[in-house]
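Should a chain be cited, it is by its letter among A, B and C, assigned in written order, with residues numbered from 1 in that chain.
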Amino acid sequence: MTKEEALFNYCLRLGDSSLILGQRMSEWCSNGPIIEEDIALTNIALDLIGQARTMLTYAGQLEGKGRTEDDFAYKRNEREFYNTLLSERPNGHFGDTTIRNFLHSAYYYHLFKVLSNSKDEMIAAHSVKSLKEVTYHLRHSAEWVVRLGDGTEESHQKVQKSFNDLWEYTGDLFEMNKVDELLIKEGIAVDLNDVKKEWLKTINEVLDRATLSKPEDAYMHSGRLNAIHSEYLGHLLAEMQFLPRAYPDAKW
Amino acid sequence: MNNTDNQGDVWEVFVQSKPGLPHKHAGSVHATDKEMALQNARDMYTRRNEGTCIWVVPLDAIVSSMPEDSGSFFEPSDDKIYRHPTHYVMPEGAKHI
Amino acid sequence: MEDVKKLEEFQAKIDAEIKIEPKDWMPEDYRKHLQRQISQHAHSEVIGMQPEGNWISRAPSLRAKVVLLAKIQDEAGHGQYLYAAAETLGKSRDEYIEELQTEKAKYSSIFNYPTLSWADMGAVGWLVDGAAIVNQVSLQRTSYGPYSRAMVRICKEESFHQRQGYEIIAHMAQGTPEQKEMAQDALNRFWWPSLMMFGPHDSDSPNMGNGVKWKIKRETNDELRQKFIDKTVQQAEVIGLTIPDPDLKWNEEKGHYDFGEIDWDEFWNVVKGNGPCNKQRLQHHIKAHEDGKWVREAANAYAQKQKNKQLVA
């Protein structure tokens, strides 16, 4: 594997995770608990899809075969997507979405913080810009974790369950393979074990404020590195990719 | 209004569009706490680079004069024209004054 | 006697183009008229998110997706501004929402039509937003201060909405034969309902009288409808689409287009709840509201706990 090939895969990971999570967040439009929150959720979706566009475009440049952001988004199948398992989890209720966002935003926050110093200029610039966005996503979701955790008895139980249900997909966030190994040596990528330590601190702090308890570490699913997914991703893609697939000759 | 299920309180939003300029009333948001009010104001009123700083104020903390006060509050200043620079006659030819 | 004098003063202010503000004295009918009109406008923005929201997940490019999302988000924002303006009239957003959900309040019937292809995103932006803009530009001069301010802000933000819709439909009209067909079909389905958005003819409009006298409404339904038609016909020609009205013809003498008769039976049918999507739209809104109940309760309970903590400390 060359450095370029590794970097290409790394960009897909970042781009795909933002894209899939952004698609999920956009499903909230017109379904929020109050109108202000509807707008907040859409803002997050817009940031994420914007991040995806940057990373997928860069992946296309690295690959050098003329593929665009849309080619990557609309013309790949499940087994070619490298997004985190967490990002594709269905929205569920507002608590499920809040917890998923919180876990993912905290991951992105600590990841982009260190990637801002990446030796790859594009990755560094992308991380600096994205860090500002995810700092807000983290603040927004963390506040909701606290409100729901320390709200009513019902909300407390609901989000505790969300946490317990989603926890088993968080191991996947920090797995690494040869791609990481190679890019860490080059000073481009970062050791996700370090990111995990910081991430855990954030999670614990917020859980504490929210009067929630951390789930026991049990079995952790993996998939991201090998483009293995839950069945949910296929349905998400079928919907998202419908038009370009149904009318391959059309431009939109 | 239902006591437990409602849209939250109204907060008035003031946005400063550039450093150096005053905060200007932009509108209002609903929120149940300060942080939510601030975040909602950010998401509602600064989506187009409109802000560098936001204030949120609970509606019931704002004290307003009433329409019936306007005579006694504002009209007495009508005849105090000496407060305006144009009231004064300057000698012909004087500059920078 | 007092009221007669107040009423005269009120009308004098209106005639002098002085805006009415929330704490000013106003006739009860003025208040009611505004409550009804502004909340109906707010409900329309919020319900209007659904037909376009129907295509967010299927937008055919990432650019199209973010543009559509940003546009629908603006509509939520506009609903919010309008509810805020309506709230200054002494009714809470909770009450307005309840009126919507119990069908005591209406919203624009245009949103009871389904969006069946991507070209509909073009037609909705171009025609529905186009019609709304004609109305809203006029409403910037409405006599009630908070409503007017909301309209100014909304008009400023909406300026990209119609353009994004027109861009979509123009692009499709010049695309593959299938795309062109979708574009024409979208225009065929949305043309007449867009004209109905301006409401009944002036001669059949029950709420018009005071609305015009009090300068809540600055131009009549028929005047606004004519404005919309006059500027839209050329836009259809430029992109090679045909407006589905055989009677549409330029009238040199009047300086306006003549157009065919609107199907008012269809209009009243949809107003009465029999449109293709009336039930679906309302159910969607009610479901989102009910699903959010525990969230709002939690936020309130949390806020209460924080207040109590402060009192103890």
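One rule holds in what follows: a contact is a pair of C-beta atoms (placed from the backbone, for glycine too) under 8 Å apart; a residue touches a chain by one contact, two chains touch by 3 or more.
Being a predicted model, the structure only gives us computed values, none of them experimental.
A.B. asks: Measuring centre to centre with C-alpha atoms, which chain is farthest from chain A?
C.D. replies: In terms of C-alpha centroids, the chain at the greatest distance from chain A is B.
A.B. asks: Central chain, going by Cα centroids?
C.D. replies: That would be chain C.
A.B. asks: A-B versus B-C: which has more C-beta pairs touching?
C.D. replies: When A-B is set beside B-C, the one with more contacts is B-C.
A.B. asks: Could you work out how far the Cα centre of chain A sits from that of chain C, in whole Å?
C.D. replies: The mean C-alpha positions of chain A and chain C differ by 35 Å.
A.B. asks: Go ahead and note the Å separation of the Cα centroids belonging to chain B and chain C.
C.D. replies: 28
A.B. asks: What is the distance in Å between the mean C-alpha positions of chain A and chain B?
C.D. replies: Averaging C-alpha atoms per chain gives centres 40 Å apart.
A.B. asks: What positions in chain A touch 2 or more of the other chains?
C.D. replies: Correct list: 34-36, 39, 43, 147.
A.B. asks: Touching two or more other chains, which residues of chain B qualify?
C.D. replies: In chain B, the residues touching two or more other chains are 7-8, 29-30, 32-33, 36, 44, 47.
A.B. asks: Name the residues of chain C that each touch 2 or more other chains.
C.D. replies: In chain C, the residues touching two or more other chains are 73, 77, 80, 293, 296-297, 299-302.
A.B. asks: Quick check: in the complex, which residue numbers of chain A touch chain C?
C.D. replies: Going through chain A, the ones touching chain C are 19, 23, 26-27, 29-36, 38-39, 42-43, 45-46, 49-50, 52-53, 56, 69-70, 73-74, 93-95, 146-148, 150-152, 154-155, 158, 239-240, 242-244, 247, 249-252.
A.B. asks: Within their complex, state which residues of chain B touch chain A.
C.D. replies: Per the stated touch rule, the residues are 7-8, 29-33, 35-36, 39-40, 42-44, 47.
A.B. asks: Per the contact definition, I'd like the list of chain C residues that touch chain B in the complex.
C.D. replies: Within the complex, chain C contacts chain B at residues 21, 23-25, 73, 77, 80-81, 84, 87, 92-95, 97, 150, 153, 157, 293, 296-297, 299-303, 306.
A.B. asks: Quick one: which bits of chain B touch chain C in the complex? Just the residue numbers, please.
C.D. replies: 1-8, 10, 27-30, 32-33, 36, 44, 47-48, 64, 66-67
A.B. asks: Give every residue of chain C touching chain A within the complex, in rising order.
C.D. replies: Residue positions touching the partner: 46, 49-50, 53, 56-66, 69-70, 72-73, 76-77, 79-80, 83, 118, 168, 171-172, 175-176, 178-179, 284, 288, 291-302, 305.
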